[in-house]
Amino acid sequence: MSAGSNRTAMAARVARDIPEGWYVNLGIGMPTLIADHVPASREVVFHSENGILGLGPAPPAGQADPWLINAGKEAVTLRRGGSFFHHADSFAMIRGGHLDLCVLGAFQVAENGDLANWTTSLNDTAPAIGGAMDLAVGAQRLWVLMEHTTRDGRPRIVRRCSYPLTASGVVRRIYTDLAVIEVTGAGLVVRDLAAGVDFATVQAHTEAALLAPEQAAA
Amino acid sequence: MIDRTVPTIAAALDGIADGAVVLLGGFGSVGQADALIEGLVEQGASDLTVVANNAGGGNAGLSRLLAAGRVRRLVCTFPRARSGPSVFEELYRAGRIELEIVPQGTLAERLRAAGAGIPAFYTATGAGTVIAEGKETREIGGRTYVLEHALHGDVALVAAWQADRWGNLTYRASGRNFNPVMATAARLTVVQAAYLLPLGDIAPEHVVTPGIFVDRVVEVPAMREGA
Amino acid sequence: MSAGSNRTAMAARVARDIPEGWYVNLGIGMPTLIADHVPASREVVFHSENGILGLGPAPPAGQADPWLINAGKEAVTLRRGGSFFHHADSFAMIRGGHLDLCVLGAFQVAENGDLANWTTSLNDTAPAIGGAMDLAVGAQRLWVLMEHTTRDGRPRIVRRCSYPLTASGVVRRIYTDLAVIEVTGAGLVVRDLAAGVDFATVQAHTEAALLAPEQAAA
Amino acid sequence: MIDRTVPTIAAALDGIADGAVVLLGGFGSVGQADALIEGLVEQGASDLTVVANNAGGGNAGLSRLLAAGRVRRLVCTFPRARSGPSVFEELYRAGRIELEIVPQGTLAERLRAAGAGIPAFYTATGAGTVIAEGKETREIGGRTYVLEHALHGDVALVAAWQADRWGNLTYRASGRNFNPVMATAARLTVVQAAYLLPLGDIAPEHVVTPGIFVDRVVEVPAMREGA
């Protein structure tokens, strides 16, 4: 696809929807980029599984603190007001419903909100869960940020996930290069379209049936 | 800008409803949020369930709330006062308040579980005693354990030493006790702090309760003089 | 009884058996006195349920820190090396088996190690458990320190507890004004006698059958 | 006098037996006790079960222990290395090591439960996934939870920032991670610390791991330079 948003625009689109004051965990990979698009004047507190609240931007080259990394093992900084705690406390925050939002990447999302994002096969040579299952069931809201289709053009938004599940019925909203889609009791509702993309194009790249906002409201 | 500070006790307690489950930090009189508890008398909420280690002594704090007839039920580990019959004991003998006795460690763990998203857990505490009556028990590794459930609060009233506008907290000495645990277990966590500090003045390694657990903070300088 | 140890001697007798390096919780009442009889040169770390390791002696008059009390709500001090933590962590130490010893008072101890120390009646006007049940099941060893009989002379060491239990089968050793008694698989073994007290006297004040050390060894 | 300090890595690791369950603090390479882990290669214990968040990268620390063939089984949340195939991945593909994948929060909570005397607890994590296969599940309040059990270690190897002779510990920044939790969950807890301080130099409110959880401490000044 040539139409649709690039990764930067996708991350910025998610950032637009995060209000001041939220506690937010950003998954490894593309979701991590979201933080760069929240202006410093809007205080959002980013959480990292490895015991950090108040993650700041990457340090200037050569000034990294070797003791300070995020869940993706990248050098980060700490904002004024940040804090450190241990892993059991960190996941108590996650599991106890204290995060307002978690944004994860995904391999597949099903129309019922099922999430598959940790492995494409149970015969994986090195399957890796990390904190995804805990985040998926624990955060107040789970949003997914991903390319709308796989590299070879197959849809990622499906009727039923074919990959092993991370959690069932948890995804609330999907941000892709083509659209912003809400997971509702009535089905998948397209809330926003990327520049130059129309509804029919999004549906053409989606296995599950999509609803336009006016259909969902009906 | 995130600012969880509020200017008055009244603002800190705004919206607490009749019938609320109220978690009170503190052990004995140390680290109990007396200014908030007494503010609750003025605020007017009634029919409360109070969860606290002790039942209050003297005439201040929890005793005032009890004397005002606002508490329907007390969940407590040690309601006996050192200084002789308390307001609670008089109410209890008169049949005017319900009491649920919980072992102290089980109370702490049930609150911790509520904050940590653990709906239930097994513990050896209480096995083979009246505490286990009516509860599921299970043998694990040859020992008998009791199934206990998370204890959630609608409101937690917390006494801290230092706080900042994000709600990060520290505690002083044995004033810590139940406060950090209860702060995690309630939908609304309200804090009275001896000192309100500029953001960043609490070192990130020294924060005991991160602001994620805190909704409102009011400075109560009188706490600097006593516990 | 006129023979036998007074409270000071009883506390000192227990203190003699606590080696350097142990982590010890002392129950409210008489057990609290034990700490005064451990010489400062022998480092024993005292724990208090309300989140303290390293309890020191009572402060000089007028110098109490109002923020520093023990589980009995008495003013205490903190030794160099002490630490503070919250209640869930405090009881994790207790329940997780990290205390070497807990010494509690008791109303009754049964020959099988059952402990009754929190109420004499389920119709108690203000029953109070506190941390006793957790300490009784959690500490590596539970010793009881109590008067051998009630004020009106009835035995406290019994075949079966008549009072509501704190925990079953947990008491390892009993220190009284008359004797030191070990709870063993073979029965209650008298390990030590107070000055001026003989075995027959101890048995006469005990409902459960006692064994002399030589009988237990047989 | 209580003195949990030992002069050498060898003394710190004395007695660790073949077949031991070894808990390794650290997240990525930060806060992992590499000096102790590499000392374990010299020490010689084999047939180990290692519990760690990651499977090691590069050629240091855990990778050295794996390459030496000492690890029979790895319990891990994220064994995939950023920098391409690791020593672990080569062993795993060759069928020379067993792997148990555990969700990160479940791993943390199972370790915390072991340290806290909780034999088992319920969690929503993993419900409806392969993680729940073969495990008991239960509906509580209309939601499905999985029963998970405590995970005990024979030994924990912990990386701390400051330590004293009682074994009180602090950690630096994100070097805290699993270390304080694992310190509570093992029969023998061994610590490498960047700084050994006189008793009392760590403020009682700033102690993160109280010495009650620590058996041996060795100072490793090289830690001051990197994580």
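Worth pointing out:
Per-chain residue numbering starts at 1, and chain names A, B, C and D are given in the order in which the chains are listed.
Just so we're on the same page, a residue touches a chain if its C-beta (ideal position, glycine included) is under 8 Å from a C-beta of that chain, and two chains touch if they have at least 3 such contacts.
In this text, all values refer to a predicted model and were calculated from it rather than measured experimentally.
Set side by side, the interfaces B-C and A-B show unequal numbers of C-beta pairs in contact, with more at B-C.
In whole angstrom, the spacing between the mean C-alpha positions of chain B and chain C is 29. Taking the mean of the C-alpha atoms as each chain's centre, chain A and chain B sit 35 Å apart. For the pair chain B and chain D, the distance between mean C-alpha positions equals 33 Å.
With centres taken as mean Cα positions, chain C sits 55 Å from chain A. Residue positions of chain A touching 2 or more other chains, listed in rising order: 78, 84-85, 88, 91, 94-95, 138.
For chain B, residues that reach two or more other chains under the stated contact definition are 109, 112, 116-118, 123-124, 171-173, 176, 204-205, 208.
Contact topology of the protein chains: irregular, matching none of line, ring, star or complete.
In summary, the structure contains touching chain pairs A-B, A-D, B-C, B-D, C-D. Across the complex, chain D meets chain B through its residues 109, 113, 116-124, 140-141, 143, 145, 149, 170-173, 176, 204-206, 208.
The touching residues of chain B, counted against chain A in their complex, run 1-2, 112, 114-118, 164-166, 168, 184, 199-200, 202, 204-205, 207, 210-213.
Interface of chain C with chain D (complex): residues 20-21, 23, 43, 45, 47, 53-54, 78, 80-85, 88, 91-99, 138.
Residues 27-31, 53, 55, 77-80, 82, 88-89, 92-93, 99, 101-106, 108-109, 111-112, 123-131, 171-181, 208, 226-227 of chain D are the ones that touch chain A when the two sit in their complex.
Against chain D, in their complex, chain A makes its touches with residues 48-52, 65-71, 73, 78, 84-88, 90-91, 94-95, 122, 125-134, 137-138, 164-168.
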